[in-house]
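The following block contains the structure, expressed as structure tokens.
We call the chains A, B, C and D, going by the order they appear; numbering starts again at 1 in every chain.
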Amino acid sequence: MKEMIFALFSIITLLTGAGVVISRNVIYSAFNLVLCFFGLASLYLLWGATFISMVQILIYAGAIVVLFVFVVMLLNFEHSSERSQNFWIILGSGIGSWVLSLFLLRVLSNTLGASPYQSAAPTNLRTVSKLLFTQYLWPFEVLTIFMLALIIGIYLLGRPESEGTQS
Amino acid sequence: MMEKLTSMVYWTHFVSVALFGLGLLGFLIRRNALVVLMCLELMLNAVNLILVEIAMKTGTSEGIILVVFVITVAAAEVAVGLGIILNLYRIKKTVDLTSFRILSG
Amino acid sequence: MNALDVAISALKAIVILVAVIQVVPVMIYVERKVAALIQDRPGPNRVGPLGLLQPVADAVKFLFKEDPIPLNTNRLLYTLAPFLSLLPACLVIAALPIADKAVLFGKEITIQIADLDVSLIYVLAIGSLGVYGILFGGWASNNKFSLIGALRSASQMVSYELPLGLATVGAVMVYGTYSLREMVVLQDGTLGGFLPNWGIFYQPLGFLIFLISSFAETNRLPFDLPETEAELVAGFHTEYGSMKFATFFMAEYMNLSTMAGMMTVLFFGGWHLPWITDQQVLDWVGSQNLLCLIQVVTYISKVAVFLFLYVLIRWTLPRFRFDQLLHLAWTNLIPLGLINVAVSAVLMYLMRGPA
Amino acid sequence: MAELVPIAILLGISLLLCSGILLVTQILGPKNPVPAKLGTYECGVKPEGGAHIPFKSSFYLIAVLFLLFDVEAAFFLPWALVYKESLSEGPALLWAMLIYMGLMAVGLIYILRKKILRLT
């Protein structure tokens, strides 16, 4: 039963993921991306990772795609119809990504799928949080400094036009 | 075959790899810079799915912590990427990536 | 999970959803009556006794209106947008714990649709999706006013989501759990002998931030910038008519009741009566089901008080200007939220019990 | 798993409700489209040009800053969950969060000092 639901949500995720790639209109791509993130969040839920699932919705669907939609609305896309790519590039990329995917699937099945290791205790969120703030504290603080640099970078990239000419 | 189709592990691998492949395909064939960024997101999410699977299957914490880090990096990538796209749009009035080949001679 | 469990969950979902939807007509009536009272006019008084059937008349009118789709719109997104804002509003109520438990059919039934262990983040996450309905609605309408309204509304909603989240962090710190249900259970009893053991006495600043942000999150006056009738016609739903317009309206009022419910649960003890523990009430009435009924009534009256506060503020305060609104969020509420978390953390450390 | 079933049921009911609303208006409402009704309403004045006009990038800045601070605020949630029970183990988590919050505050002060949120 659980496996069937998992398969259903997997298919939804893949279809919407394909929708992102093939949609002509950018706003439909963004819409498909939201649905795809939803599918992924439900897959996480089915794996039992409730916190990650909610963070997925909170940050990916609630913030990142909102930003995409904002930019689509800010730019005037009324007349920018996308020309399609050169046929040979499409063919090459298609075959390339297909072969790479097959290769990856093979590798994953051989390494992860074959390993019979199954933990008795499920991952506990409290343990994860404690680890994040004790053992992995320094990577975490480095990430914070990275975010700080990002904020400054964002300001430099996105400041209004009138100020951009000064420096 | 049937036991593969009813196994969550197999489906996880399949979805993850297929999503990664889709993202890669879109990254290569689409010209719209926004869609290219979205495809990058798809690829990062494909990796997240595998990390969650490993963490939940083995009962360890590192997978979850890595997912949190990946989400942060994805947010950073989108923020900077869209900033660059907005600036490019100001210059050329288009987001078609093929019109930004000013460095390729 | 057998068939009976599924049937019970379905029944719970339907009953609670219908109950929350009933907030909409009640709120419409109360809002119009209070507005009339404040502006010294009679208000609705023609349909039914005291105008009580006015919401019904409104609903029927909405149903029988023509529903034109303007030309040059993106038809798919135009049609989807109202439902994109209604769906999150419907889904979010799953996490609200209304009462403890009743015993029916020989089973213990919790009066909450889904007892997730991360229900607090669930509310925040699903609540943040309401912005899509507004963004897509404004963009698909092909109307400049709608687009400006949608952009304003979206900026406002995302800006105020941050203080909202930071205010709930304080509550999570105090209770040490994400589950709203466990939070309410922890608020039983009295604090220091003379106060109810409610979250507001642990997190007064957090409550204030949450209250202010909830006005902005639900696009209510004094933060109803997206709608500003005088500037933007009607904001993002200018081009909407008939039941689609009513759907936006429904979503707004349902979000309002969710926010009121969240405040009740996080800061005002949820289903608990003040000063009295559940055990004492149970001893008096002697039946778990009766206790459950009392809890439901308590919860609903607390929510009603907050809803009335929303109405009162809507009709007494003037509107903010858009830059003032963003200024309030970024320079006041977010730093205040951070300070609240820091001060709570330090205080909790200083006042920690013996290990 | 068991607690996901009610949410799925609620999602189904809400979807039914939404499609029901859509269907009922389609059936009950009259259909008499005339050009004036289908036109864009911009205060009764004829619309000038397309509606999808480019906007100031300030809106973009708000959205992107929201994204960054949302990610940073999301880190508070796991910390807040374990803070209470870690109190007996000394102030390690308190210091971790104070450093983090200090760095976040520096970023916030930076953007406030630069006044990039002015929209007027």
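As a working rule, a contact is a pair of C-beta atoms (placed from the backbone, for glycine too) under 8 Å apart; a residue touches a chain by one contact, two chains touch by 3 or more.
Only a predicted model underlies this, so the values are computations on that prediction, with no experimental measurement involved.
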item	value
A-D or A-B, whichever has more C-beta pairs in contact	A-B
Chain closest to the middle, measuring from C-alpha centroids that were averaged per chain	D
Longest centre-to-centre distance from chain C, chain (CA-based)	B
CA centroid of chain B to CA centroid of chain C, Å	34
Between chain D and chain C, distance of the C-alpha-averaged centres to the nearest whole Å	15
Mean-CA-position distance for chain B and chain A (Å)	5
Numbers and ranges of chain C residues touching at least 2 other chains	116-117, 121, 139, 147, 151, 154, 158, 161, 178
Residues within chain D bordering two or more other chains	1, 4, 50, 52-53, 55, 57, 59-60, 63-68, 70-71, 74-75, 77-78, 81-82, 85, 97, 104, 111
Sites on chain B at which at least two other chains make contact	68, 71-72, 75-76, 78-79, 82-83, 86
Chain contact graph, described as a line, ring, star, complete graph or other shape	other
Touching residues (chain side chain D, partner chain C) in the complex	1-7, 9-11, 13-15, 17-18, 21-22, 24-26, 28-33, 37-43, 47, 50-53, 55, 59, 62-63, 65-66, 69-70, 73-74, 76-77, 80-85, 87-89, 91, 94, 97-98, 101, 104-105, 108, 111-112, 117-120
Residues of chain B that touch chain D when the two form their complex	68, 71-72, 75-76, 78-79, 82-83, 86
Residue ranges of chain A in contact with chain B within the complex	2-4, 6-7, 10, 13-14, 17-18, 20-21, 23, 26, 29-30, 33, 36-37, 40, 43-44, 46-49, 51-52, 55-56, 59-60, 63-64, 67-68, 71-72, 74-75, 80, 82-83, 85, 89-90, 93-94, 96-98, 100-101, 104-105, 108-109, 112-113, 117-123, 125, 127-128, 131-132, 136, 139, 143, 146-147, 150, 153-154, 157-158, 161
Contact footprint of chain B on chain D as seen in their complex	57, 60, 64, 67-68, 70-71, 75, 78
Touching residues on chain A, where the partner in the complex is chain C	27, 31, 34, 50-51, 54-55, 57-58, 61-63, 66, 69-70, 72-73, 125
